[in-house]
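You will see two complexes here that share chain A, one where it goes with chain B and one where it goes with chain C.
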Partner chain A sequence: MFFHIILERNLQLHPRYFGPHLRDKLVSKLIHDVEGTCSGRHGFVVAVTAVENIGKGLIRDGTGYVTFPVKYQCVVFRPFKGEILESVVTMVNKMGFFAEAGPVQIFVSNHLIPDDMAFQAGDVPCYETSDGSVRIQKDSEVRLKIVGTRVDATEIFCIGTIKDDFLGLTGDPGGAA
Partner chain B sequence: MSSIGSVPASPSPSASPSSSASDDFAALVEEEILAGSPFHSSPDSDLFNEKEAQRVDEDEIIDHENEDDDGFEDKENESLENESTDSEPGASDFELQRKRLRSSEVVLGKRQRGVDDLQFNSDNDDKIEASVGRGGSCPPHPGFMWGVCIRCGVMKPSDDSIENGVALRYIHEELELSRKEAARLRQDELKQILSKRKLYLILDLDHTLLNSSRFQEVPPEEQTFLTAFFQGAGSGEDGKSTKASEENTGPDLTTAEQNSGVQAGREGLYMLPSFHMWTKLRPFVHRFLEQASNMFEMYVYTMGERAYALAMAQLLDPSGRYFKGRVISKADSTHRNIKDLDVVLSAESAVVILDDTEGVWPRHRDNLIVMERYHFFTSSCRHFGLESSLSREHKDESESEGGLATALKVLHSVHETFFHDFDQVREDCIGSSDPVKDVRQVIPSLRAKILMGCRIVFSRIFPVGLANPESHPLWQLAEALGAQCVASIDDSVTHVVALDRGTDKARWAKQNGRFLVHPSWIDAAYYRWCCPHEEDFPVADVQTKYMKLSFSKTVDICL
Partner chain C sequence: MSTEPFRRLVKLVARAFYDEEIPAKGPNRSKSDKSDNRGIAIVILDALTRRQWVKEEDLARDLKLHPKQLRRTLRVLEEEQLVVREDHRETVKAAKAYNAAIAATSDGKPGEQEKEEKQKVHTHSYCCLDYAQVYDVVRYRIHRAKKKIKDELEDRNTVQEYVCPNPSCGSRYSALDALQLVNPFDQNFHCERCDSELVAESDKLAAVELADGDGDDNARRRQREKLRELLEKMEIQLKPLMEQLARVKDLTPPDYGTFTQWEKKAIASGRIVSSNGEVPELKVAHGQGPTGTPMPFLGETKVEVALAGAEDSKEHIKEEVAATAKVLPPWMIRQGMNVPTSYSDGRHEVKTEEGLGLANSTALDVKPVEDKEAIEQKLKEEYYKAYYAALLQRQQEAAQVHTVATVVTDEQVTTHGQEIATSDRQVGMKSKRDEREEEEEEVEWEDASVSGGLHAVNEDATEGGLLEEQTAVEPGVGDEGDDEEIDWEDG
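Showing the complex of A and B:
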């Protein structure tokens, strides 16, 4: 799920940037530092949308660096248990398959793949129904539901299922969904 | 600008660790109760349902037996009851407790029903689990990815130690499977692979498919030879030119290989600067892999490091069609210095192992076909106490009669025998879903045909007074090869094995026109899988030191 939230961060700036473009430098440093990172609590920071407030800088003794507390708005992506996601398959093996929905990695084990789909080894490993009408392989687009997450300080992993109504293949490799 | 939404204080039950334990437990309890009811009902037949339900019951009994060993369950219930009276539980807590109590009642009932037939061994256990199929419910958890159950998505309980599962790092860094799940997968896989008329083949790398040597272990004169051999018909001195000469029998280099700095010379000689190493592929290896891949699904299992194993797999199989994703290295093994099939997702009855060292496979000797070691480099010979090497003598194994060619023939006959018997068994008992045929019977039976019909007497191989000569390794080896060993001379003896011509038995053999052979004749039979020519293993006049020779045919390398 996506959220638009306000976060705070302390930025350390080298004294050489103290000048007319101080604020611009802070913003670009902020974007560089936080976009694409992941915290277990808030999820993946997708984009910084605005800087709310930059507090008073505090000079660090001995180094000359200045720490600014910065409040900013950003869009975060945080997967939850029970959520439905669209994802792209990255790897298929006999244990199941891995998929990615943006930055988050999801594993769907063969327990959570419908029973009528069987693993086919070969040059392009895939899960396929016996009549060949549905075929999940690398780069397939798949709609799945998250059944469990592991949340670390800096990482989020998910276990997903496609064994439910309206879940499963939504697009073939290369095809526009 | 105001925010569109905000993260709730406690995002979801699963996300906040403090609340998850009890909620998850409630979920588990619910599932457990469901599992007791005819949850797996299928429209096929009532008989089937009954069986299925019974199996599930049995499974649960096993699990709760384990829990019972800890003696926790009842106490836990009591203590919770006390707690709740103290602290005025909410309605949901109360509900939870009732569920708990109900579940423990269910369990108790089952335990009493099943108490008579509780003698399960592990095999039995595996079969039950295997027959349940992909269905079933947690717990027991089938396995964990990133520490999350791959079926129900709960976090791995902290007391679930690694001993219950096997880590399959070669499939994915964080994957871990329970033993039961692994057994289930093995059964599934077995059916699939047999329907394709294939078996599994586990290949060792060093000394079996190739030979490697570090730069610093290569003596200077060998270095000169290798460089000359490597460059073949006039490539650049510094080896910058990665163009393989016309004689190169291996497949063309991929760009990936070139990027990693691997340089290919002639006839499977490679230089790997990143590993500071020379690698020589055993002659015939590419054709061996190609033909074996028609009969087997192949794994690589080596005691080398992961990076090395992958690099070697890349040399052997640049396109990844033989063993992509099935390269097992030292770090993946569950035991140190031992190779075991527990990390291999394949039924042991259908696995053939090709390795040069018998000792690393203590549990799977009957699956094993022992290869003669391939020593191309001097340093590798020295590790095994041998004097000369192929590269010093400017020789190499013959393509057509080398170790791998022999192995391929053996693999052919193993495959043929297995499926011949397999088909027969299937015809004999139609309806039995599980035709039992085992590679572990096929290999020894084939081996026992090698020296069939030979009656062997040993002369001065072991001391006269030895209490039971039957336990001598050479005696046992000869018997395993199908020969009959006897302690004293009689008319039916066909071979006398001796170290020198001077013994009574040796003289008897000469007078009566029987074969007099060196003990290495038996080793040769073992490695070459045929009865070797006796003339090639003459016994010298004076006693010679018993040493292993190279049994594979060699050919000269012309520069």
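Showing the complex of A and C:
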């Protein structure tokens, strides 16, 4: 689920940037530092949308670096148990398959894959129905439901299922490309 | 309240869960005694449904079982929370008390009493069914069984576990660790410690043949079929039990308390019952019955009062109880009898139960009290009837004599509400009521309705149209009534 929230962060800036473009430099550094990171608490930071407030800088003893407290708005993505996500398959093995929904990695174990789909080893390992009408392989698009999350301080990992109504293959690799 | 539904429940439980050999439980059971005890639990549980608290020795004698064998089974049943047991160190006196209690609850067996009197201080065990607990335990048991199968069937235990097949390692991982377990070369899951390939864990009911590697999917399918079958079978086999559970759901289970409580109560009630039999006046009153129903066995009773007093007086008191039960609201009776029929049917059931000789335990416990209550209740009833009759008369008089504005308007409003609730022939009803009212009032009423109509959208104030308006806007009825009242007072 996506949220638009306000976060705060202390940014350290090298003295060489002190000048007319200090604020721009701060913002670009913020974006560079923050976007794409993950915290267990807030989820993945997808994008910084605005800088609310930049506080007074504090010169650090000895180094000359200055620490600015920055308040910024950003969009975060936090997966929850029970959430439905569209994802792209990244790897298939006999235990199941891995998929990505944006920054989140999801593992779908084979007992959460419908029973009519069987694992086919080979050059391109895949899960396939016996009539071959549905085939999940690398780069397939899959809609799945999150059934468990593992939240660490700096990463979130999910396990999902496609064994439910309206879940499963939504697009073939060709469509994805 | 009838205990029969609960007895039936226990019998069903016995047959559902204890018809096999009772598995050896606990370390205190030696392996050497492999006596065939199949079905004994059923016999014991059935016997217990016919008793309240019972000394285990007596039970053993009645069932022609070895006391040890009985005790063994009872211990299992106690562990399963179906039966409560109590040990008592007793003197002869205490044994007597117990015998008295038994005599009071089961029509007396004077022969046994003397036999028991010779006993010295002894530890005796007593046991009794705990009906309330049985109900809970069985429900929980079924719930757990169903949940286990269903979870497995629907893969509700979603986090797949993986184990290391290496016997010296045996590490366990869950699907949440998947990312770390993937081996970049063969893309399979490998143990983090010994790097052997992991195997999906399955501690499942029907997963016996899953172990043999390649046939994984077929095995899974077969497993699911098996589970589904299992669930179906269970539902079918437990159906009568489930039904009985549902039936029992809103009933209060019979509660005999602890052994000491029960003993006291039983003795007390027993005494009163016997003394009751010796009072002829009461007897006659019972014989005629408050409802005046003929009782064919009345003549015999008179003769045998002294000897078989307990038995017969019980019969009468039952009748009495049944008769007083008539006062109770019908839903209560139905609940107790557990038969969705009329009251008279319920009473029949009481009789037949008596006839079958199934212990009429709860009734017995409260009998003497209820007997007094019956008389008291009758008196109260009479009083209430008279009181309400007088009250009603008064009200009617008041309604006729008084033409106080508020009273009449109130009445009008209420009758109005009734009209709407009950019939769609509003106009007719109204005219009827108007006839009842005095003429001047009628005029006033009509005025009022016109003003009420002004509030409504439609302005043509013919009476019929107006009433239709009123009925159409049902929730507004009360408001309009108020309007009318105000207008009427103005007039």
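Before moving on, here are some points about what is shown:
FYI, the second predicted complex is superposed on the first by the 175 of 177 C-alpha atoms of A that agree within 3 Å, B and C clash if a C-alpha of one lies under 4 Å from a C-alpha of the other, contacts with A are read in each partner's own complex, and residues count from 1 in each chain.
Keep this in mind: a contact is a pair of C-beta atoms (placed from the backbone, for glycine too) under 8 Å apart; a residue touches a chain by one contact, two chains touch by 3 or more.
Quick caveat, the model's predicted, so the values are computed rather than measured.
In the superposition on chain A, A:A50 makes contact with chain B only, while chain C stays out of contact range. In the superposed model, A:F3 makes contact with chain B only, not with chain C.
Shared-chain residue A:L112: touches chain B and chain C both. In the superposition on chain A, A:D123 makes contact with chain B only, while chain C stays out of contact range. Of the two partners, chain B and chain C, it is B that touches more residues of chain A. In the superposition on chain A, A:H42 makes contact with chain B only, while chain C stays out of contact range. Contact with chain B, but none with chain C, is seen for A:F80 once the two complexes are overlaid on the shared chain. In the superposition on chain A, no contact is made by A:Q137 with either chain B or chain C.
Within chain A, the residues touching chain B in one complex and chain C in the other are 93-96, 98, 107, 109-112, 115, 147-148, 150, 157, 159. Those residues of chain A whose C-beta lies close enough to touch chain C in the complex are 91, 93-96, 98, 105, 107, 109-112, 115, 118-119, 125, 147-148, 150, 157, 159, 161, 163. By the touch rule above, chain A contacts chain B in their complex via residues 3-6, 41-42, 49-50, 73, 76, 78, 80-82, 93-96, 98, 107, 109-112, 115, 121, 123, 146-151, 157-159. Remark: chain B residues 1, 3-7, 11-15, 134-135, 142-143, 145-155, 168, 171-172, 174-175, 177, 185, 189, 297, 321, 325, 345 touch chain A in the complex.
Of all the residues in chain C, the ones that touch chain A in their complex are 155, 158-160, 162, 175-176, 178-179, 182, 187-189, 198, 200, 216-217, 220-221, 224.
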